[in-house]
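Next come the structures, one after another.
Look at the two complexes coming up: chain A is in both, with chain B in one and chain C in the other.
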Partner chain A sequence: MPFAFVDTLTENFDEFLRGFGTTVELVVVSFVIAMSVGTLIAAFRVAPSPWLQRIGGLYVEAFRNVPLLVLIFIAYPGLRRAGVEISAFVAGVLSLGLYTAAYVAEAIRSGVFSVSKGQIEASLSLGFTYPQTMRRIILPQAFRTVISPLGSLIIAMIKNSAILGGSILALNDLLKTGRVIASRTFEVIPAFLWAAAGYLILTGLATLAIRRLETRYAVKR
Partner chain B sequence: MKTTRWLAVLALVLGLVLAGCGDDEDSGSGGGGGGESTPAAEVEKFDAGTPLGDIQEKGEIVIGVKYDVPPFGFNNPSSGKVEGFDVDLGQAVADKLGVKPKFIEAISDNRIPFLEDGTADLILSTMTINEERVGQIEFSDPYYIAKGRILVKEDNSEITGVDTLGGKNVCTALGSTYEATLKKQAPDAKLKLVDSYSECLESLQNGSVDAISTDDVILTGMIIQDDTLKLVGDELSQEPYGAGIKKGNTELKEFVDGVFTEYKDDGRYDKTYEKWVGQYTDTEAEAPTISVDEAVELVKQNAG
Partner chain C sequence: MTFAAFEWLWEGNNLRFILEGFLINLQIAVVAIVISLIVGLGLALARLSANRIASVAAGVWVDVFRNLPLLLLILFLFLWIPQSARNTWEELMPGWMPEAWQSGLMLAGLSGLVLYNSAVLAEIMRAGILSLPRGQREAAQALGLTYRQAMRHVILPQGLRRMVPATVSQLITLTKDTTLVSIIAIVEVMRRARTVTATSGNPFTGGGVEAPILEVFLFVGLLFIIVNYSLSRLSRRLEIREKKRSGSKPDVKVRGLEEQVA
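On to the complex of A and B.
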C-alpha cells in the first residue's frame, strides 16, 4: 500500500508537475495584481479627497462581498457573453487578484492608520505632495506593520487558487490535476494527498518568505 | 435604543431557526420522481444484517443521481424534485424493496467514492460500464445503451466529426469515459474538463469551447434547451449504462438485476423510454439484453 501511494506520484509525475506549474503561474500573477491594485485602493481610501475615498470604499465593498466563484462567473461566461474575448487564464487571475486586492487594501489601510497623523501633517508642511508623502513616508512604515496580515492573505490566496481549476474556467491547476488522476486511476486518496503536498510546498515557501520579511523589517519592540 | 438592538438580535436568531427548520423539511422529503410507482403489494422481507435487510430496516435507499443531465436526472424547477429516466428506475428499485428512495446528487467524479464510503446505496447516474470501474464497484446489467456524439453550434462548419477535432477546445465531464475516448480518437483536441454538462453547455454557448462530446441523449437534452446547436459526425462510442453498487454487495446487484428484468418485461421500460427519450428523438425503446461482461467488451472497442 505505501508503494502504491508513491506510484501514484511517480507514474503521473509529469501531469502533477504541469498542474503545479499552472498553480504557480496563477498564484504569481494574481499576487502581482492583488498587491498593486490593493495598494492603490488603500491609498484611495486614506486620500484627502472624499471622492477618492468613496471610490476606494466602493471597490472594497464590491469585491469583498461577492463570493469568488460568482466573480469567476462574471469574469468568464459573463464577459464572453458580453462580447469580450477573455481567456480562461486571464479571467481567473483577474478574479482572484481583484478579489484578494480588496482584502489587501483593508490590511494596508489599517497599517496606514497605525502611522501617526502628525507624520502626514509634518510631511505635507515640509513641502511633499500627497502622493510623495504616501510613497516615501507613510507606506514604507505601513507595510512594516502589515507584513503579518498580508502573509495570511497570501496564504489564503494560494489556497483560493484551487477554486479556479474546479470552476467553469476548466484550468488544469494542481487540484484539478489531482481530481483527473483520481478519476482515472481510482487512487483517490493518494492523488488528493499529493495535490495537498503541492499546496503545502507553496504555502510553506510563502510562510518562510513572510517570516524573513518580518524579522528584517518588523518594528523592534 | 437598547431595546431596538435586542429586538434586531431576536429577529435574526428567529430567522436563522426558521431557516434551519425549512432545511430539515426539504432533506426529509428527498426526491420522488414522477414515475408511475406501483403499489407495494408483494414486498419480500429480507433478514436483518444482510445488505437488503439493512436498507429495509432504515426504511430508505439512498440513490445517487445526476441533477443536471436531462432526461436522465434533473431538478424540475416547477416541482422542485429531481426527475428523469434514472430516477424512475430508482423508484422501481425502492418500490420493490418497500422503502422510500432518497435521491442525492452524484457528479461524475464523486459517485464511486460515494459507494465506497456508504454515502449512497445505489448509483444511477448515466454511468458507463467499463473495465476500470468493474474493478472498483459492482454493476447491474446494462439498462440503457447511449451513443457518443459531438455537439457544435449550428454555424460551425469546421467540425464535422471526431477526426476534425484537432486543435479545437472540446468540453466533457471530469471523470467521464469521454476523457479516455477523446484522448484516443482525437489526440490533438484540447480537452476542457468540467464538473457538469451544464457548464459544458454554457462554455459552448459563450464560445469558450468549440464542441461538446458525450452521450447522444445528454446532447439531445441540450438541443431541447437551445436549438441553435447541432449533432455532427458518426457515433464515436457505445456507452452501456449500469447501476453502480458497492464492491462485494452481490445481493443488491442481483436484486437490482431482477427489478430491471421485470421492468423490461412488463412494459414499464418502454413507457419510461417514451416519456424521457422517445418523444424527443422519435425512436423506439430498445432495452439492452447484454451482460456486464459483454458491456465491458463493447466499451473496449470504443478506444480502438
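On to the complex of A and C.
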C-alpha cells in the first residue's frame, strides 16, 4: 500500500519530468521578460523626465494591482478574439513576465536609492565620470541590496507559474500534469503530492541559491 | 479601442452583474484574511514556543504551505474534500447568503486560501514579534509576568502592531488571489465576466451589444486596480504613522515582504 505512492511516480515518471521541464521553461522565459521590462521601467522611474516617471509609475501600479488571471484573460482569449494570433505559451509568459516586471522595477528602484547620495558625490569629486560612477560605485552596491527581493520574486514566479497551467491556457506544466494523472489514475493524493514535491524542489533550490548569493555578496557598510 | 467598445457596460444589467461578482471576491478576501490571521497567530506562537516539537512542526508546516502554488492547494482540496463535507457546508449556509457562498465548492476555495495565507501571515507575525528588542521580554520577566502574561500584555500588542502594514499588503495579494477560485467553478467576478462575454450581443440570449472579451477583462482589471491601489495607499500611510509612533526602526523585515508576489 505505501508503495502505491511510489508507483504513481515511477509509472508516470516521464510525464512528470516533462511537466517539470515545462514549469522550469515558463519560469526562465518569464524571468527574462520580467528582468528586461522591469529594468526598463525602473530606469523610467528614476529618469529626469517627469513624463517617463509617470509612465513608469502607471505601469507599476497597473500591473501590480491586477490579478494575474485577469492578465491571462486579456492576453489570450481577449487578444485572440480581437484578431491577434497569439499562442498560449507566448500569452502565458508575457502575462507572468509583465506582471512580475512591476515588482522587479520596484525592487531595482529601491536598490538604486539605497546607495547614499554622498557616494555619488564622493565618486564624482574623485574624478569618476557619471557612467563610471554608475558602473563601479552605484550598481555593484545596488545589486547586493536587490539580490534578496529578486530572490523572493523568483520564488513567487515559480508558484505563480502554476496559474498558467491551471487556467484556460492549459499549458502542460507540473500542476497540469498532476491533475491529468490524478483524473486518469484516480490516485488524487499521490499525483498532487508528487507535483507539490516538484514545486518544493524548485522553490527549495531557489531559496538555497539566493541564500548563498546573499552571504557571498553580503553588504558590508 | 474606443468608448464604443465599452457600450456593453450599459446593456441590460451587465454592469451590475459584474460589480456584484466583484463584491463576492471582496467578501471572500475579507473572510479569508480574518480566518488566516487567527490561524496564522496560532502557527506563529507554536513556532516561537519553547516546546521543540510544536516549534519544529509549525516551522515545517509554514515552510511547506508558503512555498506551494496556491492554485495547487485549491485544486487538490477541490478533488480531495469529500462530497459529504460539501453537503454539510451547503446545509449550514443560511439562505440569505449570496449564491456563491452557498455552494459547497466554497469550502475548498476558502480552505485553500486560508491554508496558504495563514502560513504567510504566520511568518509575518513571527518577524513582527522577533523584531521587538529583547529587553521587552526580559523586563516583563523581571516584573514577574508569566510567559503567557508577557505575551498577552507586552509582546503581542507591540509586535502585532508592527505587522499591520505588511498584513494590508498581504490583503492586496489575497484580493487578487480570490480570482483563482473561479477555476474550481465558484461564480465570482471572473465567471460572471465570462457569462457577460458569452451572452451579451448573442441573438440566442436576448441580443443587444456585443461584449468583447478584451474590454470586459480590462474593465475587471480596472476594478481590482482601484481597490488594491487604495489599499496600498492605506498600507503606506499606516507604515508612516507607525514609524512616527515608535520613533525608531519599525520596519518589519520579512525577507522580501514588500516585493512579495502571489
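By our rule, the second predicted complex is superposed on the first by the 200 of 221 C-alpha atoms of A that agree within 3 Å, B and C clash if a C-alpha of one lies under 4 Å from a C-alpha of the other, contacts with A are read in each partner's own complex, and residues count from 1 in each chain.
As a working rule, contacts are C-beta pairs under 8 Å (C-beta built on N, C-alpha and C of every residue); 3 or more make two chains touch, one makes a residue touch a chain.
No experiment lies behind these values; they were computed from the predicted model shown.
Aligning the two structures on chain A places chain B and chain C in a clash. When the shared chain is aligned, chain B comes close enough to touch A:Arg184, but chain C does not.
Once chain A of one complex is fitted onto chain A of the other, the partner contacts of A:Leu58 are absent, as it touches neither chain B nor chain C. Of the two partner chains, chain C is the only one that A:Leu153 touches; chain B does not reach it.
Here chain B and chain C are compared by how many residues of chain A each touches, and C touches more.
Judged by the touch definition given at the top, the superposed model places A:Ala218 against neither chain B nor chain C.
In the superposed pair of complexes, A:Ala88 makes contact with chain B only, with no contact to chain C.
Applying the stated contact rule after C-alpha superposition, one finds that A:Ala170 touches chain B and leaves chain C untouched. In the superposed model, A:Val32 makes contact with neither chain B nor chain C. By the touch criterion defined above, A:Ala209 lies against neither chain B nor chain C after alignment on the C-alpha atoms of chain A. By the document's definition of touching, of the two partners only chain C reaches A:Thr100; chain B does not. Between chain B and chain C, the overlap after aligning on chain A sits in one stretch of 37-45, 73-81, 109-117 or 145-153, namely 109-117.
Note: residues 77, 81, 166, 179, 182, 188 of chain A belong to the chain B contact set and to the chain C contact set alike, using the contact criterion stated above. Looking at the complex, you find that chain B touches chain A at residues 108-109, 112-113, 132, 135-136, 171, 174-175, 179-180, 192-195, 199, 202-203, 205-208.
Put simply, chain C touches chain A in their complex at residues 64, 67-72, 75-76, 79-80, 172, 176-177, 179-180, 182-183, 190, 193, 212-214, 217-218, 220-221, 224-225, 227-229, 232, 255-262.
Those residues of chain A whose C-beta lies close enough to touch chain C in the complex are 61-62, 64-71, 73-74, 77-79, 81-82, 99-100, 103, 106-107, 148-149, 151-153, 155-163, 166-167, 175, 178-179, 182, 188-189, 192, 195-196, 199-200, 203-204, 207. Residues of chain A that touch chain B in their complex: 76-77, 80-81, 88, 166, 168, 170, 172, 176, 179-180, 182-184, 186, 188.
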